[in-house]
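Following this line, the structures themselves.
Both complexes shown next keep subunit A, but they swap its partner, so subunit B is in the first and subunit C is in the second.
== the complex of A and B ==
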């Protein structure tokens, strides 16, 4: 397995794979920081909670797309020149699937972790008021990683099973689109629980109430949501199912 | 020759699911955007105009540029696989004609997508029970200008796909473009930046709104971008290293 991962790393040489991840991290941070360019008193007062309220939407828009691009970049090399045919004579398809998946998961996982560290640093640099809610932010990190891995495994399976990379991209973009809308549809909470792209919203830890155009932050209050352990088990189970199904499909793919 | 190439492009797409995405994707904001409109009807009081923002907000900011990016990447990628580009370049056709045919096919897909957005908007409004008259003139104008803005994005995305062999990289750039478009609109520079033109033309609740005086400059900017990037793309395609 380690040899396969080393091979995958060698294939990435000269493909600017890690540069692309760095660009995505910068794009994400630029978007988040844009709102805190010149923070108001309310931004500083509610900063820690406000970030937790705002980030799931940004995550729903950007992270699934990062997963699509990462998976496609890792898998498209094999489709060009029918490399899969040769590779599968050297190792089993399942191991190949796992090696590529490991590298992809590692890449998106590190990206999410770096984004998290930078966001926390942003709070300290800007001087957000109050104590840093470390427990909430650790939960946020876990609740961001879970749907990211779930989506990544799906994108990885699509990128490996279909030679036409647009299939994975279109599936991703359609799901992402529905996921973004599901966050706004407060009356239909089951939709964001059902869609894997809506899980960022379903795992939202913070709710903001009392904001109006006229009064702005005057009457604002935040509510911390409890996430049901059953729902977390459901996400983990669906991640495992997607993995098993994707691996099964790849093992039976005609080369 | 141009029409023969168009026919060839059509044949290449016949057994590909790519074009279906242009038909399916506008349905998502139509259903979910209308549902969101109905859930917030006490805040969204401008009837057709409020519904329009719900339908087009995220479509224009992120999804249409990405959709165009994927389609353009696909159009070029079929040439990069299995030595198709070598075969194509040995044919007695000009590189610029090939580029133009691809630009036309992608532009037609944008037009179809915009038409569908307009039609779904009208149907959704009726289903949502909006009683005021349908703003036909405005919708035609927004969809028309949106198509023009989309064509400008098509021209730049095709150029990127000529330079970059990877499928995913130009698509990633289209997302960066979409987000940069939002930033330019926030700074009132949306009329100048290529990736803001779709949002700006479609009046998709952007911070910067297109007024009647802005139509001619908007069209001029779009035509300028299309001409520049088509010329650059044609040149790059003709002189592409096999």
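== the complex of A and C ==
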């Protein structure tokens, strides 16, 4: 397995893979920071909670796209070079699937962690009021990583099983729209739980109430949501199922 | 055991169409076996089944005396080198870097890279990106990667495709030298009768997914003394395909 991961790293030479990841991180941070360019008093007062309220939507829009492009970038090289036919005679398909997946998961995982660190730094630099809610932000990090890994495994399976990379790309885009849609459908909470792209919204830790156009933040209050452990188990189980199914499909693929 | 490859009733069906129809193939150790047949006859599918890239619907494959199955596959494939259809390469890497991917996976020494590059005459070109290679050079790189572990069995699917006459001659001479120099058994497929005639010790002729002839090239020449090799081939395949 380590040998295969080494090979994957060798294949990245000249592919600007890490540059791509850095660009994604910058794009994400630019979006988040844009809203705090000239923070109002309310922005600073509610800063830590406001961020937790806003980030799941940004994650639903950006992270599936990042997963889709990362998976495609890692797997497309095998299709364009006609390499799968060779590699599958040199090593087991399952190990090949795992090695590529490991690298992809590591890449998106590190990206999400870097984004998290930068967001926390943003709060301190801008001078958000109150104590930094460590426990909530650690929960947020875990609840961002879980759906990201879930979506990444799906994108990885599609990118490896289909020569035509647009299959994975369009699935990612369609899922992303469905995920955003599910967040806005407050009356249909099961939809965001069912859709893997809606899981960022379903794992939302913060609710904001009392905001109107007229009164703005005057009567605003925040509610911290408890996430059911059963739902977390459901997400982990769904991630494992996507992994097993993707791996099985790749092992069965005729080349 | 003198048979390196043996298949029994090997069958592959794609969407209701039988592409390989109950093939009983037998390849002897140290020989060059030419798999001859028109385009679309089922040569590549047969070879892919031998490499586990395609699952047969029916039949049995025995390689090195072991039945080919998901359990034995990895162990068997360690001793097989292959080039199927078009050569495989990472265009953004050099030939040496490409070959290094294989040596890393197979835990082979670096000197193997130098040796195969010399054999396929790509030494001196190994630090060029393979995307800049000509088709002939890519084909030779494909053969180099198949030779890298100096396998017991080499499977080459149309290895002279797209090569100019000088390149074809070069590859032919290389294939002819392999059994003597390295003790390899070679299965080579082609739709060109003249090519197989110059290369093979034994021949299997496939037509419409069926193995219509199997035997030594000498026996094929003597199949019908009144007819030329071309006429014999046309008679066996029912006149389908090119020569």
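Assume the second predicted complex is superposed on the first by the 255 of 255 C-alpha atoms of A that agree within 3 Å, B and C clash if a C-alpha of one lies under 4 Å from a C-alpha of the other, contacts with A are read in each partner's own complex, and residues count from 1 in each chain.
Here is the rule we go by: a contact is a pair of C-beta atoms (placed from the backbone, for glycine too) under 8 Å apart; a residue touches a chain by one contact, two chains touch by 3 or more.
Please read all numbers here as calculations on a predicted model, not as lab measurements.
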Touched partner set for A:91, first subunit B, second subunit C, both or neither: second
Subunit B versus subunit C as contact partner of A:170, first or second or both or neither: first
Partner chain(s) touched by A:80 [first = subunit B, second = subunit C, both, neither]: both
Partner chain(s) touched by A:53 [first = subunit B, second = subunit C, both, neither]: neither
Which superposed partner A:10 touches (first subunit B, second subunit C, both, neither): second
Per-residue touch tally on subunit A - higher for subunit B or for subunit C: B
Touched partner set for A:178, first subunit B, second subunit C, both or neither: first
Touched partner set for A:61, first subunit B, second subunit C, both or neither: first
Partner chain(s) touched by A:23 [first = subunit B, second = subunit C, both, neither]: first
Residues on subunit A lying within both footprints (that of subunit B and that of subunit C): 15, 80
Partner subunit A, residues of subunit C touching it in the complex: 48, 51-55, 74, 77, 80, 82, 84-93, 97, 100-102, 104-107, 145
Contact set on subunit B toward subunit A in their complex: 16-18, 21, 24-25, 28-29, 32-33, 35-36, 39, 58, 62-63, 66-67, 70-71, 73-74, 77, 80-81, 166-169, 171-172, 175-176, 179, 183
For the subunit A and subunit B complex, residues of the former touching the latter: 15-16, 20, 23-24, 27, 31, 34, 61-62, 65, 68-69, 72-73, 76, 79-80, 164-167, 169-170, 173-174, 176-178, 180-182, 184-188
Subunit A residues within the subunit C interface of the complex: 3-4, 6-7, 10-11, 13-15, 77, 80-83, 85-92, 252, 254-255
